[in-house]
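Two complexes follow with subunit A in common, the first pairing it with subunit B and the second with subunit C.
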Partner chain A sequence: MSVPTIATSRAAADGIPGSAHSEVALKARASRRSGSFRPKALIPIVYILFLLLPIYWLVNMSFKTNVEITNAFTLWPANPTLRNYAVIFTDPSWYNGYINSIIYVVLNMVISVAVALPAAYAFSRYRFLGDKHLFFWLLTNRMAPPAVFALPFFQLYSAFGLIDTHIAVALAHCLFNVPLAVWILEGFMSGVPKEIDETAYIDGYSFPRFFFKIFMPLIASGVGVAAFFCFMFSWVELLIARTLTVTDAKPISAIMTRTVSASGMDWGVLAAAGVLTIIPGAIVIWFVRNYIAKGFALGRV
Partner chain B sequence: MEKTWNNKAWFFVLPVLLLVAFSAVIPLMTVVNYSVQDTFGNNEFFWAGTDWFTELLGSARFHDALIRNLVFSAIILAIEVPLGILVALAMPKKGIWVSVCLVLMALPLLIPWNVVGTIWQVFGRTDIGLLGYSMRALGIDYNYVQDPIDAWVTVIVMDVWHWTSLVVLLCYAGLVSIPDAYYQAAKIDGASRWAVFRYIQLPKMGRVLLIAVLLRFMDSFMIYTEPFVVTGGGPGNSTTFLSIDLVKMAVGQFDLGPAAAMSLVYFLIILLLSWVFYTVMENAGRDRAVKETAE
Partner chain C sequence: MLELKNLVWKVGRDVHIDDVSLRLERGSLNVLLGPTLAGKTSLMRLMAGLDQPTGGQILMDGKDVTGVPVRQRNVAMVYQQFINYPALTVYENIASPLRIQKQPSAEIDAKVRRAAALMKLTPFLDRTPLNLSGGQQQRTALARALVKNADLVLLDEPLANLDYKLREELREELPKIFAATGAIFVYATTEPHEALLLGGNTATLSEGRVTQFGPTPDVYRRPHDLVTARTFSDPPLNVIAVQKRGSRFTGPGALAFDAAPAHAGLADDDYRIAIRPHRLSLGDGESGASFEAVVTLTEVTGSETFVHADFGSDRIIALIHGVRRMAAGDRVRLGFDPSHVLVFAGDGAAVNAPVALAA
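So, the complex of A and B:
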């Protein structure tokens, strides 16, 4: 993209050739830009308000009693109560859901990143027979609808006696998380110059020592971003996780639906459970906030 | 980067290959297996050939779900991509507000999908939800449980709420990677805001936009949990998208053959459309690059 292109196209568009270059026009433009009120800032503010409004409503409901939720329409809790949260934290069938979710999400994260690391290294450093086809085939798994896999997964894991275990869900989620992790890590690894590998070998490093001592620290942020996306997609997925679990490894988001069938809807507890599922995500985002933009910038999601 | 030819690299790829083969190829083979057979239970199977496929491709139920899903994806792309670009352009470039914006905007992305559904199901209810209640107070007849149009609006607004941030984050990442020198040059030339967008920002965002469009298309075409929680596919069949229909068929009615045939056709449609999107946008990008060098 060259500068003259902008100038000519601009002048052509305005039909006033030359005037765009004048000192006056430049100054006028500069003063307009640096005005203290920037209506532009309204766009993100309005957008964020739109995002937060439904979340606020959920938080609001979680502090209300069921009587208040169904009988009175209030914008904030009139009699704030912690009963809904107390129900969740004192009933093992509720809080075990969180533990189950976290166990299989972490398992999945570890497995995905661990197997993706060597593969991504191979893709970023070497050409080998069928490499391009393999890479594309991996990515097609990201396009597979979970609905297609729900039933075959159930039969496959039944055959291995893995139904209702954390590892089953963790392995099933590898379907879309491993390709993703390979894709992200490959991007980060390609950014590390190859000379570093060669220098290390000349210095007498063995491959494992080089990989863990020198290479891993260089792509640490890439590992972080990959782990973040694995966490994200495993945490939000429900269809497969629900299909593969009965009670012992049931994720919290599946347990939540229980309140729907209970005699009379327990809206307060439902809202509290929902709020608690938002919190781990919020914490994780806070930690990786500086890397999100970079991870996306590689265009590898 | 110059890559060396080394077939031993296959050993590095082997773990991934085995894992994905276990979690993708074996289940997919099961699907293929079912799609060409019929069963009356008791684990007895009969060869059915391509019967399920011919039946599926001629069935009105599949056509309707497919059209609904295509229309849904088209609307989603038409709203989320421009909106995402707009928000990304207006975002602050440095300072504490960047972190605040990023964290708040990424929040919906990390909410489990059925919780997203629950949030909107509650939010839209006319008795206890803020949105439904306000609509009724304003005298608008809004009821997503009974009115198909309202159900569609709710599901679309929910998806915009849920996923626009992904487009924003991608575009923002593309924007911050543009060197300051480009803007200074544009300023000296007195380029208009539109020219800066059209000739600097848009081309530089091309790659991330491609990813955004692809991801949003794929995910909106596979959508299941959120509309299922909010509308359950109703009222009637008005929000029954392909995934919802498929799960109904496979798990609800246990029609394995037709469900398997549908799975394969469904998967192939996604692959084909994604490939078309990818090629078209890649070529568009290349044409532009050629034109630029020609100038």
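So, the complex of A and C:
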């Protein structure tokens, strides 16, 4: 059988013109697939380069000595050193910052998700007077800048003797994170048919048993996404965290902003601290990367 | 025995269920037949206890269960959508009501395997429902309803989303399987022929009311009123307004025919006659009762032809055997046998269904 016959019979079968099946076209497509460069790919490459440049610079700096940072412009460390990291891991005033941050972030994640779960279930399953307004009102809590709340929070927490405790920061961040978690979880819960709840009641499940045994596995990815966003906000938030802490619960982001010592700015240590601050976020993103897209698809993130 | 007494269910001002009274015997098969939004699902939810009625009473074996939460009633329900617990395996899905009842695990195992065998699910017990085909998912839901050994089994259009072959197969098996349990079996459907195939009793629903309840063939042959007849007819019933003068009916156009013996005694008045589409034939008809209509559309389904036609202001549908092709605008003469006609008074009540007198 000759080549043209194949081409025409294929064209008849799938409606692609015979020329597209010619040897030349097939070869061209094969070479394209095998990875020769396409100009279109430049756009994302340039974009990613611009995004990564500051991060690279931070990493670069963290391995340099202060002398090199301030006196020379080098694209990579001339005398790579781990001294900056050693400072952070040995000086309690540095590593306690990380521990403090992690404690109140985890506390906040747990509180936010635990509080948001029943709220989101109510919004997703029940119709009550003003439910839609209340749902929207929750979100408006996020519209005010944190600075607005810094003063009242400081007053309130002082009155209750909570200043400079981890729970104070965790609770304060709930103001922003609970609405977000409710919003995200409601989207995931509404994706589960109500008939599953009813079938469980018909089967005789009590509400708590249904919720934990049947329902939670179905919205596990939603819980992951909600927890991730709580983590993100709480981890990067600086103003409230700094206002409510003095020394015992000082977060790393606050410590990073006051590294001017008698000997001047310690650039290298600051850069190393910055790198270490990025890492937990990167780890968490890695765990929820598959679910985040789903969260966006639900229009809730 | 499940007894519904003057059940009413309103949401705001919308009346979803309007004064429904029914009495369903143990071991019986009951079909709820009605178009979408007729209230089939609402009525089932009230029977199950998922919703609480606004008025009326529900009695189970003479005991008032109105207001008893669904958890404490022994019911099982299968939805039109395939509802299972996606996180559990098919085995655990079927076992779940038994686990809640805290039955010994050996007993659970035996029951699950028996139900799975009946529903042909044995090879899939270790899979999760979302890895099954639609038919297998629905059979899982049915197996869970079966294994519970409930007093009341509610199936809400369980076969509507299944493909044709599977539907035929399950429709035949389901009544047999559930009849063996002695439960009250309620089956909702929108399809009249499904009701006829299932047999048992049928309650026709329209706009939240039960228009008639009785043995299925009876309801089909002797509808009490026009609404019931319309509900229980697919394709739609042909209704023509006529007058009776002496022994003759006259209608619009040149329609005039001698009344069948069963109708001869009716008083002279205005009536509405209903003719089922398959009772119409091409030509003059054997007893000469016929009318001429203008074809608007013909649909050929294999060996049968649906002829849609305009007769005056009425829409007529005739189901004709064999393949007939007619162009829109053609005039066609449709004949019928006057003894097959259902006659209704002006208010829609049946006056004298012919079969009733023949019986």
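Heads up, the rule we're going with is that the second predicted complex is superposed on the first by the 260 of 301 C-alpha atoms of A that agree within 3 Å, B and C clash if a C-alpha of one lies under 4 Å from a C-alpha of the other, contacts with A are read in each partner's own complex, and residues count from 1 in each chain.
Criterion: a residue touches a chain if its C-beta (ideal position, glycine included) is under 8 Å from a C-beta of that chain, and two chains touch if they have at least 3 such contacts.
Remember, it's a predicted structure, so these values are computed and weren't measured experimentally.
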{"item": "Fit or clash - subunit C, subunit B, common subunit A", "value": "fit"}
{"item": "Subunit B versus subunit C as contact partner of A:96, first or second or both or neither", "value": "neither"}
{"item": "Partner chain in contact with A:121 - subunit B first, subunit C second, else both or neither", "value": "first"}
{"item": "Subunit B versus subunit C as contact partner of A:182, first or second or both or neither", "value": "first"}
{"item": "First (subunit B), second (subunit C), both or neither touched by A:217", "value": "second"}
{"item": "Touching partner for A:81 - first (subunit B), second (subunit C), both, neither", "value": "neither"}
{"item": "Subunit B versus subunit C as contact partner of A:201, first or second or both or neither", "value": "second"}
{"item": "Broader residue contact with subunit A after superposition on the shared chain, subunit B or subunit C", "value": "B"}
{"item": "Contacts of A:145 with subunit B and subunit C, given as first, second, both or neither", "value": "first"}
{"item": "Superposed arrangement (fit on chain A Cα atoms) - minimum subunit B/subunit C Cα distance in Å", "value": "9"}
{"item": "Subunit B/subunit C common contact set on subunit A", "value": "193"}
{"item": "Touching residues (chain side subunit A, partner subunit C) in the complex", "value": "193, 195-196, 198-206, 209, 214, 217-218"}
{"item": "Subunit A-facing residues of subunit C, complex", "value": "48, 50, 69-71, 75-77, 79, 81, 83-88, 96-97, 100-101, 141, 144, 148"}
{"item": "Interfacial residue positions of subunit A with respect to subunit B in the complex", "value": "1-3, 5-7, 9-10, 13-14, 20-22, 25-26, 29-30, 40-44, 47-48, 50-55, 57-58, 61, 69-70, 73, 75, 111, 114-116, 118-119, 121-129, 131, 134, 138, 140-153, 155-156, 171-172, 174-175, 178-179, 182, 190, 193-194, 232, 235-239, 243, 251-254, 256-257, 267, 270-271, 274, 277-278, 280-282, 284-286, 289-290, 292-297, 299-301"}
{"item": "Contact set on subunit B toward subunit A in their complex", "value": "1-10, 12-13, 15-17, 19-20, 22-24, 26-28, 30-31, 86-87, 90-92, 99, 101-115, 118-120, 122-123, 127-131, 133, 161, 164-166, 168-170, 172-174, 176-177, 182, 185-192, 194-196, 198-200, 203-204, 207-208, 210-211, 215, 218, 221-222, 224-225, 242-244, 246-247, 250-251, 256, 259, 263, 266-267, 270-271, 274, 292, 295"}
